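As written, the chains take the letters A, B, C and D, and residue 1 is the first residue of each chain.
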Amino acid sequence: MADYNAMELMICVAARNLENGATVVVGTGAPCAAAMLSQKTHSPNLTIMFEAGGVAPILPSMPISVGDSRTFHKAVLASSMPDIMETCQRGMVDYTFLGGAQIDMYGNINSTMIGTNHAKPKVRFPGSGGANDLASLCWRTMVMTPQDSKRFTDKIDFITSPGYLSGGNSRYEAGLPKGTGPYRIITNMAIMGFDDTSKRMKVLNINPGYNRTDIQDNCGFELLWADRITETEPPHEDELRILREEVDPHRYIIGR
Amino acid sequence: MMNKAVELKQGQNQLFSDPDADKAREFFRNKSRAMVNKVTTVDDAVKRLVKDGDYIAIGGFGANRIPTAVLHEICRQGKKNLAFAGHTATHDMQILVGGECIDRLDIAYVIGLEARGLSPNARRAVESGKIKLTEWTNATLSWRLKAAAMGLSYLPARNIMGTDTFRYSAAKEILCPFTGQKFAAFPALYPDFAAIHVHECDVYGNAHVFGSTVSDQDLAKASKRVVITTERIISNDEIRRQPTTTFIPFWCVDAVVEVPYGSYPGNMPYEYFSDEEHIRQWLKIERDPEEFRKFFKNQILDTKNFYEYLELNGGIARMLKLRAIEHLTHNR
Amino acid sequence: MADYNAMELMICVAARNLENGATVVVGTGAPCAAAMLSQKTHSPNLTIMFEAGGVAPILPSMPISVGDSRTFHKAVLASSMPDIMETCQRGMVDYTFLGGAQIDMYGNINSTMIGTNHAKPKVRFPGSGGANDLASLCWRTMVMTPQDSKRFTDKIDFITSPGYLSGGNSRYEAGLPKGTGPYRIITNMAIMGFDDTSKRMKVLNINPGYNRTDIQDNCGFELLWADRITETEPPHEDELRILREEVDPHRYIIGR
Amino acid sequence: MMNKAVELKQGQNQLFSDPDADKAREFFRNKSRAMVNKVTTVDDAVKRLVKDGDYIAIGGFGANRIPTAVLHEICRQGKKNLAFAGHTATHDMQILVGGECIDRLDIAYVIGLEARGLSPNARRAVESGKIKLTEWTNATLSWRLKAAAMGLSYLPARNIMGTDTFRYSAAKEILCPFTGQKFAAFPALYPDFAAIHVHECDVYGNAHVFGSTVSDQDLAKASKRVVITTERIISNDEIRRQPTTTFIPFWCVDAVVEVPYGSYPGNMPYEYFSDEEHIRQWLKIERDPEEFRKFFKNQILDTKNFYEYLELNGGIARMLKLRAIEHLTHNR
């Protein structure tokens, strides 16, 4: 088995979830690396999109900004933010990736603030950016994040981007498009999905080297467990080679 | 289909601008649509077009295709109590917060510089409680501008419902009159002033932009007063040679200023890449408020104009380096 | 005094009403000729727009269609129909011209049908096209039309495009933008405006060769009369020369 | 500001398409977004993409940049009971009415050919009572397509209120949740099928259009199935050389057909002017229904394909004449 780090594993897992012929809006960093890896392995016909307007670029290197000129280098389209967001709203975008400071059992995410006073936050983060939009409007949202019980918390300070809100049918009842929502939470320890009915987070795979206790101990809410939990398939040799040599040769992301 | 008896929520925070379409029309009725020479200086444009207390918005995407010279000049002229559209606001907002120009902030994305990290100074300002904050999202601010560009007072959309982003916004929930579906309604945003940096335009303000255009076409239409800075002025004949390419038409534009390298230290697609060293310098110096004040004074307040600022940061030689990075020829 | 026909007079009057620095959406035919004449006389800085997207073209000849390539020949902008209509809706367009089969005392216009059964009309016309939109959204609407009592009628069969609806404040109360409405009705016999309060059609100028009786006899509703009615200023020599030599040398419009 | 107690009216005529955004999303969820070679024949595209009873819409502007070959083929294949978006429908509608394909009509502008006069045959059809009619306007149909392109079920606007155009539409009045102003609400229009003629595109359907674009960008996005006919196929490299220029992206497009002179007898900006003699011939022959049936059979139903039709009307020599008219070189 190849030697790899947690970030490399997470990127490989995310890449495998992006099927050929799909569309995905990515940000900078790990999600972009996952999409690039997916293209260079099993999904040559994956369309990578950036919220500022770039579509299907031939990326010469990792973008620093989702609006910089790399995001539409030799692209098929350099359009606008409303165009990309409306393409999502129309139901033409399959996947997106989100990150944040806190996540709860329904996949709701906080990237706005820590504290209770919105007007004078204890710690302020950038806010939604396009996160709420993409989480609302793309079919499936994935999260790649390190797992600990501060980040995976019972009560997040601020719901910036919607997961399944309070579970059950509440997301659809709130007005968000039918059939959308969080799909996979990929951590250094495990891969989680969501229960079909309660919409609570449910462990599907356990990463090599971890066990159920590690995973529950590093989560501030009670996790559900799939009936048959398998070990996460570790990165293949060819995935690692492409990731390291072609996708992120300067180790900007996998070197962290 | 949603139940009609459902409760319709509304965001609890303040709306910093008037979405009324008839009031905006009254302004636009009197805005000049004459195709006349609008070339001027940054100094003059900011003096004439920005007033204390204005709601302002900046084109481009934070550190990509931004009108840096106008941002600097707003600080230099000490404009105060501005409301600002924080629509992926990164280096543009760093500058305006450095100049202490802002007291109301519509937030989609603020204080961060994307993959580069967070701005300590902008973060201190936003955490201080001195700036009024209302939450939105990137799409939401795009659509608020689009509503205004369309001459409306709102647009419906399908995002942000059910979240605290909605709760701390000034949006409202509505029902579709045809399907009964619940939608979010976003109030039109008609900024008092916008500055947009473009690749080329004629003296009347007919402009070309290449690469992702973010929300700039809607921004140019939605805003009451617009200054365009441009890498280069081209002839009106050149505009007329390819009218399909005209991105901003003259009637949106109040002033045109030729500012080569005008997006520096930001990226200008097809022209030059961002100066990542210079931006890192900002992020580092901002950690110490006192050091940052000196740096900001030296770089912006005490420089006579944008050219002096460029000289201070390496001048043409530096620009050529950034051109090479943009064109992927720097390692050859 | 120069010799001229009714169409030439109407075009000259319309042209004089378009001031320098204004914007006007025109169709094919007489309105386009009026706008071109205005540009070539007192309003060099008049911006001519076409609803399909053409703005400020250098017209090599009269367009056959408001979407043909003449409408954006060497233009400043070739955009789209929603762009033009939204520019009107935003309040940036000063004038437009309308025509139709019937017009009433409030300047409402019918270009849809004659008859009472919408599903099976006695005579069907093209419908609104952009007429309703421009009449709703531009600041001032002008009409150039031959005058007779069938066309100027008390009760039009179908309100395609709004004038002042049922008069008074009814246009604004219906939801149409504040301060908009019909401005001048230019016929072969007279020039009409509208009463400030009642919004009824009011004669302002009488064309040379006609009198009050002619005008009222050729109108199916009672006209109001301005306190001081002057004779319409006939076409000047230079207006006629430019109209005949430069604007419509083939007499497509003025030859009718 | 309007009184909140005001009565909200609604148009009384039939809505021919479902504006529901979630249902449209469900369709789009399953529409392929793979960038694969989509080049085919007109015959195959119409066979696969048009079904009897579909709601169809045509790009361009009546007799400017129209996909004539697709219109002919719809008639040739005898498609029936189509609903049609009469959005400045001129020669495009003449053809479809000639083929007796339409039984429901959303009207903005129909039966006329602008400055050329009215189509006797289209007029007879619309006056016959056999076609269901709902009234709209040019802007209204543009905004209905835009609502769909945005993934919504409606858009608000400020026109058509107070008129019979509204009364015989399927629009509704609503109040702005922010200002209380009365607006018209227009239901989203998601056509089942659209055909658009473009200047150039690659084999995946990434397309360039030059000149006025009418509503075609929204039409391409709003429609469930889209065929593009193109003056010429270009390489994907050429598309990638100028991504700002891409007017329709591949994911909107189901089929690509290369049809030079494809807008004939309509105008194709920068390529060839409309054949005014041929269009006059239609208008004249249409006066006699029997003569028109023969003409239509001869010109369209009995021609094997679009090239035979072009040959019948003067072939390349005629096309060169129309190119000269377009380029203003015919009198030199």
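One rule holds for everything that comes next: a contact is a pair of C-beta atoms (placed from the backbone, for glycine too) under 8 Å apart; a residue touches a chain by one contact, two chains touch by 3 or more.
Keep in mind the model is a prediction, meaning the values are calculated, not measured.
Farthest chain from chain B, judged by C-alpha centroids: C. Averaged Cα coordinates give chain A a centre that lies 28 Å from the centre of chain B.
Centre-to-centre separation between chain B and chain C, using Cα means, comes to 40 Å. Chain B and chain D have Cα centroids lying 37 Å from one another. Within chain D, the positions touching two or more other chains are listed as 21-22, 151-152, 157-158, 181, 183, 210-211, 213, 243-244.
Contacts with at least two other chains are made by residues 54, 72, 78-79, 89, 137, 177 of chain A. The touch graph of these protein chains has some other shape, matching none of line, ring, star or complete. Chain D makes touch with chain B in their complex at residues 15, 19-22, 151-158, 172, 174, 176-179, 181, 183, 185, 187, 209-211, 213, 242-245. Considering their complex, residues 2, 6, 13, 60-64, 86, 88, 90, 107-112, 114-116, 118, 123, 126-129, 132-133, 135-140, 142-143, 146, 157-165, 168, 173, 181-184, 210-218, 267, 269-270, 273-274, 276, 326, 328 of chain B touch chain A. Note for the complex: chain A touches chain D at residues 20-23, 45, 47, 54-58, 72, 74-79, 86-92, 94, 137, 139, 177-179. Those residues of chain D whose C-beta lies close enough to touch chain A in the complex are 21-22, 24-29, 31-36, 148-152, 204, 206, 221, 236, 239-241, 243-244, 246, 249-251.
Remark: chain C residues 27-29, 50-54, 60, 62-69, 71-72, 78-82, 85, 89, 108, 112, 118-133, 136-137, 158-162, 165, 170-171, 173-177 touch chain D in the complex.
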